[in-house]
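These notes are about the structure you will find just below.
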């Protein structure tokens, strides 16, 4: 019997993942061995770690390297998404501490779990094997189940965790079945080989097993993106989860879902584009419409933003349905700017909120505009960006997404999209109405803005505005990222 | 040689600016009034020089365009600020500035002590300015500027006592009615401009150019449309049926205003406009007929109303409407010169009448004021026997009344008779002529009746106010009386420049100077008539003319007689008459309910429609649709919300459902 | 050896039964078990396909699925316990504070 | 013979699977699930994957099910409460039925790729299934294998965070 | 051209905003002063644009630098003005100081934020007028909404929130559809070999009629909402009624012009065939708007709402003129835009004046104010007359040219109906004026009203001067815009009209029977005599 010789592997493509994993483990140990209630130092360390990981990720820009015999790749596409994940994680780490302390659940494990989630998402983006993607997704999901239920003394948090878990597991079943069928139809799990195998089929769309596999995988990813009708978990989980985690979930996993789906569909199954475009067309319409319309009647701002997040998945799906470089580059850009604006909005919600997840209604923003003008202006920037008003990043993102659809010939989709954005304006404006146009019902018991949150707000505002005014550089990166898959 | 013609409108404008901007600071009435009157006097002098200049030219050359600057140029549309000097406009500026000056003078006395004295003179000067623009403008648009400008001033001056609701209403009514006319005027301009440009590539609205190219126009057809449009404008401005109702109401303004604007000048603008564009109107027999019929009807109709009014100024107002009807009858009969002639004589005697009535009212008001009586100073039933108190006023008033009644030898006789004759003898309306003449003659009789009724009620009999007040009645100051005298004199002699042909021949071939003078203006019409031999005048004998003349004089005398009987001899008679025909009297007294009819037909439906469109359509339908969409979306929002039941199995079901549908579609496609 | 399709059909049946279980049961643990049933059905597919295709990818995948199942079980049951601690129930009909 | 065996196993698997979804008592469901797992292990053996069968028994039936049963005991869960949501059962069954129709149709109609690997029953028996798996896992699928370690770590940390009495 | 005048004008208010940020919010006087100074300086800076403007059809003061380039898109910072936008730019910079001045005492709370909003608004509006890049235009077009939304929503009246949200969403719906059309158009341009969003090149892109139709409809909808045209006007009365004075002034004077400007600059030349095809529809809506708004205005009880509806009617005239597709019509439309800016702006200021004094705008609460406030009465009167288009005031010239132009075009019958609007406008404006200013001064609250103060007079004097200047001597205005309008008309010729017919066509409505045979030759000879000196190139 021969020894198994483990092949020489190039670790450089997964350097950020390795770094973050090691850091996370180290933090776990530090947390155990350094006693004390105060855990914010872990946040600082992990923020620095995220920045370092960002640097490591960026270092690989422009030099695609495959490793682990083709189960992972470092390409611009992966790098771009890694940056998105790191941005969301970094911002969330900055806003987490104040909230966690207020809610008395500032366990030190929070930060390692966030970092592990990032590792999982990165693997989803970088994976070139269905197994890698699946495992990355599971690492991410399992961490998120825990994060959603992190405030275990809070029933809402428990419920959020449980719902997320049960539905997530259920969707995993479909995803896996899809992967199995794809495996069956193509004989491999490597994305590149799938592409080859599909390329050899005369008419791939007639192989129902392949199509079904593709569709089932799509449903699995759609669950992570929170696309209708797989979105139902979103409002409840977002509402119940600790607010920083909600912010994180709305930005990171959604992007990760898109990353994986984009990789699988664009690289492995481009020949089935007609089919998946059709499905995505429908899903995009459903998602946008349901998200936006339901959000109109929400009073709880977290829940409202949850529906808004569904709607945003819908917008991104518009670009995905188009499947061309404009649309997909739009997704990349949009996911990045969405991370900024959405986490920024959640940061403000954290500041307004009070212990026990109270004071989280739209009405509680009444009078903010003139009591805390800076905060209100920041919130307005986020909301306008979410609503897609120029000159914010949200507008440019939507512009590219819808342009993709138009370029592809899906003018109808683009029109439904813009009508949806018009409807969405209502509920974003509603917050502003309360902030600026209503008198406060009670005085704000003002908790001081901690430095990390201030920093995250600053970054978020910059991230929502600057790409709106000079979007070229990010768009060009997104273009490059799209080209290389 | 007419280079300084622009000074004519300029002086009043300067007067307007001074009084308008600084009047409040000046405060001294003499200065304010002096400035106002002097400005008009200057215009009058320049006008005199202008007409003298004009007369020094041979007949054919009596036309000149004086351009100041280009006003609007856009594409092939061009309008200048430029003045047209020709016999017609010269006559008009003479009347306007001459009568205007007298009335300004009069106003200094009449308006003494009124609040906003400066405002009055400012408006009056602005009116002069606008009126002069109207008559001098060398293109339709500039004429329209004056046209609207006088309307504005009329509005402002009617509403001079703005604290009285009736005054405000009357002003607004005048303006709106005028606007209805303007609507027609504008359409006329558009159609004319477009038609000439479109078919002959002559894009112009300038009078001389239009005249020069009028031979390109067809007879009838589009010209009828154009001229009818213009005539609608004229009915508005000149208070003809159906747009006359504003004029009686306009008596809410101070009396000099009524004299100047609502008798002598502005209301004749419609006549002037038709005269100005006679070459158009002559080309449309249909329009001429409409004009003649409307004129005759107005003359008769307004006269009937005039017989039953008790407000001294209202009687005069209806008389004005009626007299304007005459002018239109003349215009409609193709007797443009006769119409303009009547315009002029009417300006004299009607101004005199108004000013005289103003003097009476002034005096009455004064007296009643002293007696602390709240009786109406304008109601003739309160007057009577003023002859002795105000002899000069009475005399001038009487002369003017005789003039308007068409008693031979006075100006009104010549002009009115000319009109009646032309109505009878013109070649345009065939058999209709007799009817027209008849209406005119009856109206003449009615005119004589109500005018003398007025005179008798006012100046004869017993004074019907309290003795205490009576003591305060006295003759007006000289500044008021002098204009009366001048105007009375003019109304007596003014007719002699336009003697009818038969009379002229009687006196040794004195030509009709006025007609001759205006001949260049109406030459095109004459030529047109000459060309269309079919329309050539059927010859009427001089005897017939004499006969008709005598008949009309008789009718007038009959009217005077009836008035004398009813209001001097047997003052019970009117009451008995009223008792006998209560419905008729009520109808006439209430002006045939025309105002009510208009309210019912136009005003109320418009308001109701507006209210419906607002509350019913705008709010319910349009906004309802908008809010409805929003509500439907919100309703969906409510529905979608409840799909989100909170139960895991429902969520899972939704996911499974999605999977099944998506798969099913492709599996069983 | 049976035809690969037989296995695939069996797995499809098991998968559907698992789905039905998830949709109809109220007990969170039973629902989780039904999810496990679904995963097992997929595993069967993988193994059958792997055998048919003659490569081991599918079986390796199954190996990882089992790991994932274990990890999920650990976390999921922990979540249920946490929920139970607060609510004294793991009936999914009680998991509906948040709705609409 | 083999077919008969297959059919019997299939029958048992399906019946026990149905029992999983219908038993009122969670413990009974759990036991039925264990039964299903055993059936699957049998399949794996029939499919020349003895190692998978072993892992199936050990990990699933052994570890996961023990964990589940343990939790059921811990939480002292009784039978499902009597109130039935029949519409939910009906709707769920309908969707489940359609899922079955779809999936069955797919696997019947779908084209499975033709064999592309070297693996044959002969070869497995020769080389040993475990070794083959091991080789694959440590060469081609090294990265996923490493990821599982992180996954398990996360699961441990998470479970501790969520379920420990006092942190 | 190395001249950055346009950018300077446009972004000067932003500098003002930065300045304002550093001023403490309690020193209201300073805040107002700075804001006023900034707007005045902006106006002064914009004057050289006017004086330096060459009377020709070219875009001038252009600046063109790359801005965004990614994927298929290339957006440029491409600005410039021609005769059409010139006056609107000047109007904007002219109105803004007056608007700021009007808030002196009207806005006592949150002054800083208010001024910031006003200045941001100015930048947005100016930007939209100068943009020669479709994308850039869209950005500014949308940016405008935000400060206006806050102005209405924060400083507005009782029902401000409803009005603000309605305003925002209404406008948003239209403009978003325009965005889709814009993108679509861009891709059509790409097919034709264009490389960026530059507006001018798209004028030469003759799309097929079907495409044009859809794109035109999308653009037209967006602009129609902004104009606003019947039946998309219902946001306007609400927005106007609730907005503070300066908001109403800006909304009426400038923002509504965005819609009509949009037609002139974008919808017409980009999609000429479709524009011609939809002329009857748009003219019908315009005419309905004129009559309808007038009737509705007549029965309004709130002065401001009345003025708002009058805006709808006025802009109906503008639309009618624009869709006449001839020199007079479009010139009239453009003039009417300016006139409406001046007159209706002034009207809203006036309403603001009395509102500030009495805190009511109901007509029935007033009456007889003339006695108490003679200066106010005079000013009000002049503005009212300008609004009803009395000759000698600005309103007349525009309205007349519009009607002449549209009468010459195929819209003859529409013009006839529209002309009756002149009656109705007199009815509702004078009736309102009469009820407010005339009659007995019987409401005791009105008896102590103060007349206009120096500041208010200072606001009104420039407007009134302009009313008369534009009424009496409009030619300089027309001359500057004429070449651009000629070019526009040449561009909007429907397909099938050949180029050599153009000089003649200038005089004649399209496709008229008179164009055939000898008429055409005689026309050509006659043209030099009557045609405009500015020949079409």
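Read from first to last, the chains carry the letters A, B, C, D and E; within each, the first residue is number 1.
Here is the rule we go by: contacts are C-beta pairs under 8 Å (C-beta built on N, C-alpha and C of every residue); 3 or more make two chains touch, one makes a residue touch a chain.
As the structure is a computational prediction, the values presented were derived from the model and not from experiment.
Engineer: Touching both chain B and chain E, which chains are there?
Structural biologist: The common neighbours are A.
Engineer: Walk from chain C over to chain E along touching chains and report the minimum step count.
Structural biologist: Steps on the shortest route: 2.
Engineer: Which chain maximises the distance between its CA centroid and that of chain D?
Structural biologist: With centres defined by C-alpha atoms, farthest from chain D sits B.
Engineer: Which one of the chains is closest to the middle, using the mean of its C-alpha atoms?
Structural biologist: It is chain E that sits nearest the middle.
Engineer: Could you work out which chain's C-alpha centre is the most distant one from the centre of chain C?
Structural biologist: Most remote chain from chain C, centroid-wise, comes out as B.
Engineer: Could you quickly compare C-D and A-D and let me know which has more C-beta contacts?
Structural biologist: Of C-D and A-D, it is C-D that has more C-beta pairs in contact.
Engineer: Taking each chain's centre as the mean position of its Cα atoms, how many Å separate chain B from chain D?
Structural biologist: Result: the chain centres lie 102 Å from each other.
Engineer: Measure off the straight-line distance from the CA centroid of chain B to the CA centroid of chain C, and report it in whole Å.
Structural biologist: Averaging C-alpha atoms per chain gives centres 96 Å apart.
Engineer: List the centre-to-centre spacing of chain A and chain E in whole Å, with centres computed as mean CA coordinates.
Structural biologist: 44
Engineer: What is the distance, in whole Å, between the centres of chain A and chain C, each centre taken as the mean of its C-alpha atoms?
Structural biologist: Distance between chain centres: 25 Å.
Engineer: By the touch rule stated above, which residues of chain A touch at least two different other chains?
Structural biologist: In chain A, residues 131, 135, 138, 142, 145-146, 149, 152, 161-163, 166, 170, 177, 181, 184, 187-188, 208, 212, 235-236, 423, 426 touch at least two other chains, as defined above.
Engineer: Give me the residues of chain B that touch two or more other chains.
Structural biologist: Residues 641, 644, 646, 648-650, 652-653, 656-657, 659, 663, 667.
Engineer: Touching two or more other chains, which residues of chain C qualify?
Structural biologist: If we look for residues of chain C contacting two or more partner chains, we find 8, 15, 18-19, 22-26, 28, 31-32, 45, 49, 52-53, 55, 57, 60, 64, 68, 71-72, 75, 79-80, 82, 92-93, 95-99.
Engineer: On the basis of the stated criterion, which chains touch which? Give every pair.
Structural biologist: Touching chain pairs, listed by label, are A-B, A-C, A-D, A-E, B-C, B-D, B-E, C-D.
Engineer: Going by the contact rule set out above, which residues of chain B touch chain D in the complex?
Structural biologist: Residues of chain B touching chain D: 649-650, 653, 656-657, 659-660, 663-664, 667-668.
Engineer: What residues of chain E sit close enough to touch chain B in their complex?
Structural biologist: 166, 170, 231, 233-235, 237, 292, 295-300, 326-328, 331-332, 368, 370-371, 374, 381, 385, 390-392, 396-397, 400-401, 403-405, 407-408, 412, 415-416, 419-420, 422-423, 426-427, 430-431, 434, 437-441, 472-475, 478-479, 482, 506-509, 512, 514, 519, 522-523, 526-527, 530-532
Engineer: Touching residues of chain D toward chain C in the complex: what are they?
Structural biologist: For chain D paired with chain C, touching residues are 2-3, 6, 10, 13-14, 17-18, 20-21, 26, 29-30, 33, 36-37, 40, 43-44, 46-49, 51-52, 55-56, 59-60, 63-64, 67-68, 71-72, 74-75, 77, 80-81, 85, 88-89, 91-93, 95-97, 99-100, 103-104, 106-108, 112-113, 115-121, 132-133, 136-137, 140-141, 144-145, 148, 151-152, 154-156, 158-163.
Engineer: Residue numbers of chain A touching chain C in their complex, please.
Structural biologist: For this pair, the touching residues of chain A are 130-131, 134-135, 138, 142, 145-146, 149, 152-156, 158-163, 165-166, 169-170, 172-173, 176-177, 179-181, 183-184, 187-189, 235-236, 239-240, 303.
Engineer: Contact residues on chain D for chain A in the complex?
Structural biologist: Going by the criterion above, the answer is residues 102-103, 105-107, 109-117, 131, 134-135, 138-144, 147-148, 150-151, 153-155, 157-158, 160-162, 167.
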